Amino acid sequence: MPAKRAPQISPHASAVPPIPKPSPKAAAAPPSSPAAQSAREVSSALWRHYRSTTPQRVKLTDAFMAFLVAVGGLQFAYCVLVGNYPFNAFLSGFGATVGQFVLTASLRIQTNPENRREFESVSHERAFADFVLGSLILHFFCVNFIN
Amino acid sequence: MGRIGEPRYAFDRLLTAPDSSATAEMGHLKKQVVTVVLHMQDARYKALRPDEANRGYKLTFESPKNDKLALFQHGERAFDHILLLPPKSKGLGPALTPKLLLQFINQNGNILLTLSADSPTPTSISSLLLELDIHLPPDRDSLVVDHFNYDAASASEKHDVLLLPQGSRIRSDVKNYFGGDGTIAFPRAVAQELGNSSPLLAPILRAKSTAYSYNPKDEAEVVEDPFAVGEQISLVSSMQARNSARFTVFGSAEALENKWFDSKVKSVDGKDSKTANREFAKQITAWTFMELGVLKVGRVEHHLSSITGDAAGNDSVAQLGYLNPTIYRVKNDVTFNIEVSEYTYDHLSPLKVDASDALQLEFTMLSPYHRLDLIPISQTPNSTIFSSTFKLPDQHGIFSFRVNHKRPFLTNVDIKREVTVRHFAHDEWPRSWEISAGWVWIAGVWITVAGWVAFVGIWLWSEPAYEQSKGKKMQ
Amino acid sequence: MRLPNQLLSSLLVLCAASLGVAATWGFEDATVSVNKRGAGVGGGFKEKIGQNKALSKPVTLGASETLKILLTTKEDNKAKRPHQAFLLVQDPQSKLDTSFAFQVKENGKGKIELTQKDLPTQLLSSTGPLDASLIIASFGSSKPYNGKAFDLTIELDSGSPLPASEKPLRYGKLPEIHHIFKSDPKSPPKIITLVFAAAVIAALPILLGAWISLGANLNHFSKAFSSSPIPHALFFSSILAMEGVFFMYYTSWNLFQTLPPALGIGLVTFLSGSRALREVQGRRIAGLR
């Protein structure tokens, strides 16, 4: 998840440490290739940066989104494992998590203090009201479709 | 075949035998007026018509040469049945042309045609039989001999009076209406060969494997190219048309004569026995004239069912809804019942189907989706009720319950009941929680809803803690 | 040893004559041979057939071979032409039979030639060997002869199979049909479903735990309720009520039972929501959020 958030913290991209050059030692050890090692370093740096700079309210939102991804992933894995019967139940179950994820992402973008300049005209509360309305409609659709 | 008249042919007595006083109450089976058209040289035999018939037939004797003889009156059949005896003359006259005889069959008339090696078969009859895929020897004088099964008493020299057991089953699943323990004397018979392609033809009596047909004029010394040999020779053949009208070819008219009805015969190995020609003639005439093997369908019912157990038959089936609805739903459990009777001489009896055969139900739309054996579930004194319970196919459309029962020697049954099979209505599908496979996704929806409600609460009322937490995390 | 035999036979003849038993038909010098077409005489199979003695080994008739039987028919011991001199070929299983007539001369010498082409396909396609019998009979009181001669095995040419004889239509029982377009879908084993469902449900406590670890709390609850109790109470409870309506719609209500309460609750949510969110906004502007 943190990697996914990366674009949203792009204003701070300069704070990310530069990718370290592969050391000769890493090159000599084939199991951990320099690319893998550097990717690990990049991700840990990203993670540290995320932990330090993200507002708590946004973190709460992110936790909810991670929950949605987990629930959606479980449902999808189950579908792959046993088949999609009853398909409408799969669609509404999986669709509920995906839709909720999209609405929450939208709320996150609009209420993130870092994006304040882009959403000057939209207050956080207005965004939340839209989020509640959208979510209720989504829930209705899902409940309607699941039979 | 010289004198034909009352004393020679006993079938008039046979047909009017007092043992079956049938006043058939069945509408379509009612025996009305039967006419036997005889060939008679002499008009005086007309005076010999028996009056009332105890077996229900009224006989009319006509010479085929009679100008006034007409099989049809105002386009309708004037007679129910025809019994044709071998004519003395070469032809049968204008009233009995093959075309008219076929028209008679097409109008549900039955014909019993007798042949004799003693009097040549008219070409018109041969061509009529050829049309039906029944082949007669090309030379008209041919007769069947069997040096192993002949009547030593009357034909010790010529071997042309065959002794045969009464008919056996032509197939294991076909009912035998011509059986018995007796011996039939079959003098001077004309062989028939049946074509192989028609399901309408069935032999009633075949010759033994040592028999053959020969022409006494051309092949008196030795037979080198016989027309027919062995069991290919059919001595009595039947053709049941698609409209169930019956046409029987009887290879030896002489076998119907009085003198063979209860005479004594002697087999090659010296055993004396009495002929069963009388019984056989009764069987043949009864079958041909619709006294045997006539099926009648009574009630035809179908209804929605619920299956309550695993018991066999209909014991575990309960009727739902009313009888014979016009619409069902796909995958409904449906029961189909049909009541079938078989007419036997003078009464309706329950139809019995051989274990190797079955009355079959088809559930069909263009082609059958189901073909099921109907099981006899109950019996009345006059009928058997056959039933089958099955699940309708998973396809909607206009379907028919169809019982198309065609068997040798039985009249055809073709019953159709059309019903609509509709799709599931939107509220007839199983609810999602009834399908265990969907539980994960149902849980997914409601967990999402619950998580969302909690999120709303957090969002509304959570106190930010970022200053402290930030400070902590910055350490 | 010879005397009694002779005596016996002469006695038998005597008895027969005295009882008036008729003469019997028979044959002698019977040979059966199978030759390939074109091959010289004597190249193939040849065997003598005795009266009332069937050959012990079967006669094999190949595709391009000709079966030939020569015999002399006799009435008692005199060579004589009978009216019927047949070779009867019968399938012992299906009981189908056919006969072939010998060409018999005045002096009783008979001959028959048979190829596979002469036999009907029903017999050619029979699985077991066929019974071949000789029938010699005629009019009058002479006793006819009918005895098995040999087993006939048909060896079909593998190169050219039998012409596919279409089975003629006969009325009878037809095979049952149970046509199903698509069988009912099957649910997987319940244990898999339950494991996944448990995992899905377990995600909620994990979420709550994650929130708590991130410092989520409901500390503003009292603040919000003290400043605008009714909107907050109404807003949150109407959201709950709406989900409740959805749950009722899922379990039992139809759409027409669902929509009126949903609309009413939606109105409450809208009105109370605008008030409640104004309070939230107040807190945000006050820097409390």
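The chains carry the letters A, B and C, assigned in the order they are written, with residues numbered from 1 in each.
Note that a residue touches a chain if its C-beta (ideal position, glycine included) is under 8 Å from a C-beta of that chain, and two chains touch if they have at least 3 such contacts.
Predicted model only: the values in this text are computed from it and were never measured.
Student: Quick check on this structure: which chain has its C-alpha centroid closest to the centroid of all protein C-alpha atoms?
Tutor: Closest chain centre to the overall C-alpha centroid: C.
Student: Work out the mean Cα position per chain and let me know which chain is farthest from subunit B.
Tutor: Of all chains, A has its centre farthest from that of subunit B.
Student: Please tell me the distance, in whole Å, between the geometric centres of subunit A and subunit C computed from their C-alpha atoms.
Tutor: Each chain reduced to its C-alpha mean, subunit A and subunit C end up 58 Å apart.
Student: Starting from the mean Cα coordinates of subunit A and subunit B, work out the distance between those two points in Å.
Tutor: 77
Student: Using the average of all C-alpha atoms in each chain as its centre, how far is it in Å between subunit B and subunit C?
Tutor: 27
Student: Tell me, which residues of subunit A touch at least two other chains?
Tutor: Only 56-57, 60, 64, 67, 71, 74-75, 78, 82-83, 85-86, 128, 132, 139, 143, 146 qualify.
Student: Any chance you could list the residues of subunit C touching two or more other chains?
Tutor: 185, 187-188, 193, 196, 200, 203-204, 207, 211, 214-216, 239, 243, 246-247, 280, 289
Student: Taking each residue of subunit B in turn, which ones touch at least two of the other chains?
Tutor: Correct list: 435, 437, 440, 443-444, 447, 449, 451, 456, 458, 462, 464-465, 469.
Student: Which bits of subunit A are touching subunit C when the two form their complex?
Tutor: My answer: residues 56-57, 59-60, 63-64, 66-67, 70-71, 74-75, 77-78, 81-83, 85-86, 123-126, 128-129, 132, 136, 139-140, 143-144, 146.
Student: Tell me, which parts of subunit B touch subunit C in their complex?
Tutor: The touching residues are 145, 147-148, 156-159, 171, 173-174, 196-199, 209-210, 212, 214, 221-226, 229-232, 356-358, 360, 362, 368-373, 393-395, 406-408, 435-437, 439-440, 443-444, 446-447, 449-451, 453-454, 456-458, 460-465, 468-469.
Student: Quick one: in the complex, what on subunit C touches subunit A?
Tutor: 185-188, 192-193, 196, 199-200, 203-204, 206-207, 210-211, 214-216, 239, 242-243, 246-247, 249-250, 262, 266, 269, 273-274, 277-278, 280-281, 284, 289
Student: What residues of subunit B sit close enough to touch subunit A in their complex?
Tutor: 429, 431-432, 435, 437-438, 440-445, 447-449, 451-452, 455-456, 458-459, 462, 464-466, 469-470, 473-474
Student: Of all residues in subunit A, which touch subunit B in the complex?
Tutor: 51-52, 55-57, 60-61, 64, 67-68, 71-72, 74-75, 78, 82-83, 85-86, 88-90, 92-94, 96-97, 100, 104, 128, 132, 135, 139, 142-143, 146-147
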